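First up is the structure itself, then whatever we jot down about it.
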Amino acid sequence: MTPLETANFLYKQDAFSQWMGIEILEIKEKYCLIKMPIKAEMINGLKTVHGGITFAFADSALAFSSNNDGNAAVALNCVINFTNAVRLGDTLFAESKLITETRKTGIYDILIKNQHEELVASFRGTVYKINKKVVDL
Amino acid sequence: MTPLETANFLYKQDAFSQWMGIEILEIKEKYCLIKMPIKAEMINGLKTVHGGITFAFADSALAFSSNNDGNAAVALNCVINFTNAVRLGDTLFAESKLITETRKTGIYDILIKNQHEELVASFRGTVYKINKKVVDL
Amino acid sequence: MTPLETANFLYKQDAFSQWMGIEILEIKEKYCLIKMPIKAEMINGLKTVHGGITFAFADSALAFSSNNDGNAAVALNCVINFTNAVRLGDTLFAESKLITETRKTGIYDILIKNQHEELVASFRGTVYKINKKVVDL
Amino acid sequence: MTPLETANFLYKQDAFSQWMGIEILEIKEKYCLIKMPIKAEMINGLKTVHGGITFAFADSALAFSSNNDGNAAVALNCVINFTNAVRLGDTLFAESKLITETRKTGIYDILIKNQHEELVASFRGTVYKINKKVVDL
């Protein structure tokens, strides 16, 4: 499978990315660009978008980039900096790029922007390659 | 309002925590214990629970603890370590404790365990107190 | 070698921990408590202790705890929250505890306090076990 | 003072950056590029460079970039990913760039490379602006 086919294969099994309404815009090996409109169920108790939604959107970008060569990788840890509030009506874009990798680990940086190209969050994920094929899970 | 009343006030406005099915088990000032059963929409492309769900659950614990004295606080950044896979049928518990705070910032540690008391993730959040009351947002 | 013997073996090779003047107070398997007095060379441009010194002290605690069963582990990533300034004349204490581990990775939490038992920083390190013995490096 | 003058002013007070042998190569507002040769006192118990040295070098880059407009900023928290071992004889370079800022906070990304342009660590720091001038501290 190509990286795009692998990302689409993952997406079809990924119930939560589907619930969030994520759209895959571009896939290259160990890279992706994805999009998500904000909906009413995503709001938190302070009337902005729940930080978990922004994180989950970035985490989906991590999955669609770090697994798309067909080798399964799982997140060991992630750090997210929130830089601007997200609100109902916004549309988010996440771009994930591989920073560096070893045989067993990889580090990805993901920028999350809104429709005005303002950075709303910056995410770094460290993944561990579990030595299994995505199709075998 | 007491810390419990404030947490309940937040919960009533928090559409995503409601969607996740979070239940508040215990509230003390700057502390909370919450619960969430895993449902089918929470699964990812590798057939385990989406890391964004685990993060969002912890982030809700951060909100219900760090805002419950009535002063609004927003997350500046968060780090999460994933230690065990979560699966459909599991029930998660998150306990949030204040580690330290200054006039403007606070640090909370949150342990997320499953129904077997196994640690599935460890979360640390740094919040910034925005100098507004929760009820005024 | 016992955990204490392994920690002492590491310390003898650890030129920077020696430069910092670290003293090992207590070693148990995957645990340590260490101490360090602040000296003039540790000050930064804002006239407090350089954040790198506080981090390095915690990172030494990570090494003396995560390697002391004889199996070499290296830090994959670390996060530190600075909570109080450290000044010339202070003495720091770091206590490192294993939070959770898998066959290949481990997570440690380290609290750094001053001589008044005030928390000055909180550190979390994720290590990767490189499948070599400490004595063979 | 210009950003370069402010960085030099900081460096003259910064005993630990001097001990490390840091050289400032380039300063622009909220940006810096610095250099450091590895020396024998920087080695750890596993015979590579102590992670605290790599962190401290990056933390100095954070200081020389985030304070160089004359307004004092202190690190709230930092995360570092270690990607390649550093050894005696290596020379490190750190480049610090502002990612985003608000009135009170800023986020900087710092890449640390060796003399072969290999990434040895990636660092992200969140600073808090303490509302004081650098020259008044």
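For clarity, chains are labelled A, B, C and D in written order, and residue numbers in each chain start from 1.
We take it that contacts are C-beta pairs under 8 Å (C-beta built on N, C-alpha and C of every residue); 3 or more make two chains touch, one makes a residue touch a chain.
Protein identities per chain, from UniProt: A, B, C, D = Acyl-CoA thioesterase.
Fair warning: this is a prediction, and the values are worked out from it, not measured in the lab.
Chemist: If we define chain centres by averaging CA atoms, which chain lands farthest from subunit B (Acyl-CoA thioesterase)? Would you check?
Modeler: The most distant chain relative to subunit B (Acyl-CoA thioesterase) turns out to be D.
Chemist: Decide which interface, A-C or A-D, involves more C-beta pairs in contact, and give its chain pair.
Modeler: Of A-D and A-C, more C-beta pairs in contact link A-D.
Chemist: Taking each chain's centre as the mean position of its Cα atoms, how many Å separate subunit C (Acyl-CoA thioesterase) from subunit D (Acyl-CoA thioesterase)?
Modeler: Between these chains, centre-to-centre, one finds 20 Å.
Chemist: Whole-Å distance, subunit A (Acyl-CoA thioesterase) centre to subunit C (Acyl-CoA thioesterase) centre, using C-alpha means?
Modeler: 33
Chemist: Nearest whole angstrom, what separates the Cα centre of subunit A (Acyl-CoA thioesterase) from the Cα centre of subunit D (Acyl-CoA thioesterase)?
Modeler: Each chain's C-alpha centroid was found; their separation is 29 Å.
Chemist: What residues in subunit A (Acyl-CoA thioesterase) touch two or more of the other chains?
Modeler: 76-77, 79, 81, 126
Chemist: Which positions of subunit B (Acyl-CoA thioesterase) touch subunit C (Acyl-CoA thioesterase) when the two form their complex?
Modeler: 79, 81, 83-84, 99-100, 102, 107, 109, 119, 122, 124, 126
Chemist: Which stretch or stretches of subunit C (Acyl-CoA thioesterase) touch subunit A (Acyl-CoA thioesterase) in the complex?
Modeler: Contact set of subunit C (Acyl-CoA thioesterase) toward subunit A (Acyl-CoA thioesterase): 76-77, 79, 104-105, 126, 128.
Chemist: Would you tell me which residues of subunit B (Acyl-CoA thioesterase) are touching subunit A (Acyl-CoA thioesterase) in their complex?
Modeler: 9-17, 19, 40-47, 50-53, 55-60, 63, 67, 72, 74-82, 85, 134, 137
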